[in-house]
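We call the chains A, B, C and D, going by the order they appear; numbering starts again at 1 in every chain.
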Amino acid sequence: MDALLLQVLNGLDKGSAYALIALGLTLIFGTLGVVNFAHGALFMLGAFCAVTMQRILTLSYEVVDETRTDFLGNPLKVDVPYVQSWFGDSVGGGIIDWAVPISLLMAVPVMIFVGFAMERGLIKHFYKRPHADQILVTFGLAIVLQEIIKYFYGANPIPTPAPDAFAGSFDFGAMLGMQAGSIIYPYWRLVYFFFALAIIGGVFAFLQFTTFGMVVRAGMADRETVGLLGIDIDRRFTIMFAIAAVVAGLAGVMYAPINSPNYHMGMDFLVLSFVVVVVGGMGSLPGAVAAGFVLGILESFASMAEVVAFLPGINQIIIYLVAIIILLTRPRGLMGRKGVMED
Amino acid sequence: MLGLNRKDSLLFVVVICLTMFAPFLLNPFPEGSELAQFNAGYPDLMQRFVIFGIFAIGFNILFGLTGYLSFGHAAFLGVGSYAGVWMMKLLTMNVIPAILISVVVAGLFSVLVGYISLRRSGIYFSILTLAFAQMSFSLAYSVLTPITNGETGLQLSLNDPRILGVSEVDGSIPPANLFGLSMRDSTELAMGNWLFTFNVGYYLSAVVMLIAFYVAIRIFRSPFGMMLRAVKSNQQRLNYTGLNTKPYTLAAFVISGMYAGLAGGLMVAMDPLAGAERMQWTASGEVVLMTILGGAGTLIGPILGAGFIKYFENIFSKINESILHQWFAFLPDGLEDALVFMVYPFIGKGWHLTLGIMFMLVVIFLPGGLVEGGQRLGRLFRRRRKTDTKPGAGATEPAE
Amino acid sequence: MSKTDLTRRGVMKTGAVAGAGLAVPTIFTARSASAFVNEPTGGSVTLGFNVPQTGPYADEGADELRAYELAVEHLNGGGDGGMLSTFSSKTLDGTGILGKKVEYVTGDTQTKSDAARASAKSMIEKDGAIMITGGSSSGVAVAVQALCQEAGIIFMAGLTHSNDTTGKDRKANGFRHFFNSYMSGAALAPVLANAYGTDRKAYHLTADYNWGYTTEEAITSATEAMGWETVETVKTPLAATDFSAYITPVLQSDADVLVLNHYGGNMVNSLTNAVQFGLRDRIVNGKQFEIVVPLYSRLMARGAGENVKGIFGSTNWHWSLQDEGSKAFTRSFGTKYGFPPSQAAHTCYVQTLLYADAVQRAGSFNPCAVVEALEGFEFDGLGNGPTLYRAEDHQCFKDVLVVRGKENPTSEFDLLEIVEITPVAQVTYPHDHPQFAGGALGSCNPGV
Amino acid sequence: MGLLEVKNVNKRFGGLQALGDVNLSVAENTVHAIIGPNGAGKSTLLNCLVGKLIPDTGSVMFDGQSVLGRKPHEINQMGISRVFQTPEIFGDLTVLENVMIPCFARRDGAFKLHAFETVMNEAEIVDMAEAMLTDVRMIEKRDVHAGSLSRGDKRRLEMAMCLVQQPKLLLLDEPTAGMARADTNNTIDLLKEIKASRPITMAIIEHDMHVVFSLAERITVLAQGTPLVEDTPENIKGHPKVQEAYLGQSHE
């Protein structure tokens, strides 16, 4: 029982990441009708905002320590971050320690800018083009973005730890009166889960309760008509794209401490996010979120040793298998509408 | 010619010439010159050009004609490759049975995948094919290791049983051959500073590709091809015209799956190893890109696209910093370094970046792919000639 | 304009045909042209450096490439000569190989067998490379090794740790300097028993591909021989990025040691996840819970940050070694590039030198002569103490390092500390050991 | 016994009764119009005839055989062709190819893998299609891409595609919708010509009374999913129920 509970918990944070990426993906698709293969790259850019913030905060000057030597036998040069020398070890160290949450502040404007630039500079010209062209151009863009990151940050994963305050893990087992240590869950993953809920809730509230959101929802339901209403849909589309970029970026920032970011993490998530979006039903926001969590949790279940022993390799293919089954039984995914992306 | 109309015959003859004289055409720069780096006329790359050409031609029969975008076509190539290697391990090093079994196995696998996936259309179809391919890849990489040899890839070994042949010749694995003619054999022709290589394997692949291309032309011009274009254009009307679209799409799917299997079989014939990465989604994506880049729905486009991508992968990735320094050696030092610094991110390990930029440029400026680029050039040229002689004579360019 | 890659094809430039300028076609087949494939006839010889330049191992590939460039520089008499002065064999004198200047071409393996073979083939067919070396994974090493065997080219493996490379997939034309899974197990087990006791229960997470399998097998058998019990072995998908679903069942088992048979990005993520889930703070069966990473890569360990501290693993070589060879290499690499070399760089550098030396001793580039010169070759001064290139399987036998994540690193390169240098005798196995069974070298292939 | 016999057909969409106990008999070689106000269930009925929808209850017999449960292409092969309200043609193909496709369907059935013949070498099919195009006076546009035709030409092309199959029953869904008066008259003439030149049964759904009364030999009036009356045009004109349900509202 507790094993299952653990896997549900595990599925939740994986599902959060899938859901956040899929949310932006389907938002862009639903409003703009664009298949955005560069969406994974936006997630990756977000994670690298955290890396960059960490680098900025640890910008250092060198102090020569004569008592120690470096690998060539020369006196060791020790890096001292400016922040640390300005604010003292404890405060400065604390600021560096909080690099990831601080980088949220940076990620928002950066992602808005990236979203704007992408939509105005490129995506805008592809609204009327076939989906195949959209795929090709956004795929090209994704490659370019990730190669730029690779050029500056290298190919290896870069550790971006969570603040020390969140370093430990939370003992659910003890809380639920079970054996202590049987169900534990890292604090940061809990943070991630609630962060994802907040973002998802925020996006839904925005769409539900603002006039802007209403127009966008109308646009998702019927693009032609909304265009006819004479509403400046173009500008709204741009804003929508920027919002989707921000959602992906924030998802990336907060994901950085869970697994060290690397330049190809976007591609790793891209295919799965597409499966998530389609399983949820193209253009359906609740579908994307539901499918994200469902697939995340199923993936966790499938990796249990008992399951794998029974069906070898199931952990490798579960998501695809579930996708096939869902698409065969529900032609348009969990909550898809008829006629969207079927031709 | 061969039941083709004049325009298609011309195209076919051009393609025949291009493939037959490829060893010359792809080696335009003399040996030892700085530009020799850009020569592509060596057997392995020429083989890859035509083999991926076959793959893309086949993919285009499905995608270009019916509009069904399969995102899992590499699975058929991979399955075909595995079948081919097993044939070489168990039966004979003659490539014919290996190629045949590749086509058959890929065909059977595509019947299965196609039958299920074609129950849906649009992006739902794409995701279904993607899911099948990814499952094949994941399983081949891990639990199916006894059959596929997993990460390393299935390869020949010295103790293969090989019923109609020998396990080893003097401690070596016998080479793949066509009735004794080794695929690795080459003849070289030296003319001045130029060196041209004529490789048996390449010419076998080239002939197979020409046959495949010819078949594709016939399919494009056949009633069947017309039905497939009708599927893309309006499925509903086709249904209300008394035609069952499912067998048409399934046939197209299986034919293109068999093309993929043929490509896989040829790959194995040229180089007896089948790696699981052949089935990964990136490989499926690659053939999609080849087709769109070249021009989906056109006859020659996919071949151009395949050549374009493979050229980048194999030529640009091999340019390194010291080669750049050689190129710009004639410049003053500071300028040389600056130029190398500017070009360096785009070559060698940065070849992905260049490829990504090329994708974007082509799709932004040439919506119809490279073929459209060619057509525009041709039109520009023709218009200029026309305005010289007979101004105002507008020509309608029939679509490919 | 005068500096060119002189290769077999370079003949065209300097040979008889060129001067004539008359386009008199000369037809000859590769078979009859020379005694062996790509025989260097001009004033230079071309080596092919085939390393991952794109994909997750690109940084490791870049480091390999640096080492190769350094080796070429030293072979051609440039720089400070590096290990040439410490190498026990003194045939290399900085005048290239057999008096021919060393040139090189590079390629991208993409860490995919297909792409790696394509790249190697282009080096052989287009650039006339006489030897191929490099790579950062066993799948690629085995694939390229098989290709070189067929083509008649020498393959000097780069970083490849799977038993198969010199086990069931060994080839006469292929040589491995790097250590392997078996050696990791044999070196680690006594140290682990020493540090953690002999009454331990181990839980294995294993990357679901060949290298993972051989490493798991090697570690389980070595640790079981010490008295450990293997509680569970679980395969994890290569594509996995988050290992929480595999880590949490460990909490439910009564295991008190977690062995991560992972490399590269997998290792970074699984180790990070394991620490996140507080495994290292646990007390199980009255003992402190421990994590072991059989194959350490310093480059990759950086990605795991703080989490590597105190974690045991094995490595082929480390720059902090104090023998003359290691010091010389670290010095010349560090002077040129500003940071210490990785174990991948070391093995690639050494492999290049070993090849050059073998050619020099054999007096010929003929692969069969090179194979003969390398088989059973004993040497010293290349960083791992006295070493034997065993004739039966073309595997190097040398000391293996057991290392531990350093508690107080002085720099981003100073992540590991050497715990023990396991002597070669302890990691030597018979060439027909069951973990290596099923392969045959075949005979050397000169390609004609 | 008519060519088409619809008996007690019911169809519900959720809470909405789209068709209620519809009975209809279309006699062979007649032109039968189905009229009724918007939402009367005309299109639903048509969709039930061609296999796009399946009625909840009732039977649809064509030529003595049930069409229910058959797929659209099977129903077409039985001899029912349909012209849509917005022309459904193959926009990416040429006009000639558009007409050739139904020719193939008629000759070869629902599926044939004729991948090695060449379309233009199929003289029999090309002749058939060209003759049809001449009939509908579109032969000069044979090589034009159908997508670029005017709306009237598209409709005309669609009709040619249906006629070339020589269907026993031609279903026309508002064949003159959105047309100018002159075009409408042309269409009426065309349909009259067709009717005169071959044995064919037509069922027309139409709003335009001018068209209905020019062509129809029998008329069924649908209102709220149920047939009100079925009679000859003369009798329908003066029928009080019809006046009330239909003509009363929309006749100017």
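Note that in this section contacts are C-beta pairs under 8 Å (C-beta built on N, C-alpha and C of every residue); 3 or more make two chains touch, one makes a residue touch a chain.
These are the chains along with the protein names UniProt gives them: A, B = Branched-chain amino acid ABC transporter permease; C = Branched-chain amino acid ABC transporter substrate-binding protein; D = ABC transporter ATP-binding protein.
On a predicted model such as this, the values are computed, not experimentally measured, just so you know.
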Among all chain pairs, the one with the most C-beta contacts | B-C
Chain at the geometric heart of the assembly (C-alpha centres) | B
How big is the gap, in whole Å, between where the Cα atoms of chain A centre and where those of chain D centre?
-> 53
Note: chain C sits from chain B at a C-alpha centroid distance in Å of 33
Roughly how far is chain A from chain B, going centre to centre by Cα mean, in whole Å?
-> 34
So how far apart, in whole Å, are chain C and chain D when each is placed at the average of its C-alpha atoms?
-> 74
Considering chain D alone, which of its residues make contact with at least two other chains?
-> none
Per-residue multi-chain contacts in chain A, two or more chains | 316
Residues in chain B with touches to at least two other chains are numbered 138, 141-143, 352
One finds touching chains in the pairs A-B, A-C, B-C, B-D
Sort out for me which residues of chain B touch chain A in the complex.
-> 63, 67, 69, 116, 119-124, 127-128, 130-132, 134-135, 138-139, 141-144, 235, 281, 285, 288-289, 292-293, 296, 345, 350, 352-353, 355-360, 362-364, 367
So in the complex, which bits of chain C are touching chain A?
-> 55-59, 208, 232, 234-237, 239, 241-242, 244-246, 248-249, 251-252, 265, 268-269, 272-273, 276-278, 281-282, 299-300, 302-307, 319-320, 330-331, 334-335, 339-340, 410-411, 413-414
How about chain B: which of its residues touch chain C in the complex?
-> 30-34, 36, 39, 42-45, 48, 138, 141-143, 145, 149-153, 155-159, 168, 170-173, 175, 184-195, 197, 271, 273, 275, 277-278, 313-314, 317-318, 320, 322, 326, 329-330, 348-349, 351-352
Residues of chain C touching chain B in the complex | 1, 3-6, 9-10, 12-13, 17-18, 20-31, 33, 53-54, 58, 61-62, 65, 69, 105-108, 112-115, 117-119, 121-122, 125-126, 137-139, 142-143, 146-147, 149-151, 164, 169, 172, 208-211, 213, 235, 237-239, 439-445
Complex contacts: residues of chain A adjacent to chain B = 35, 122, 125, 129, 131-133, 135-137, 139-144, 147-148, 151, 271, 274-275, 278-279, 282, 312-313, 316-317, 320-321, 323-324, 327-328, 331-333, 341-343
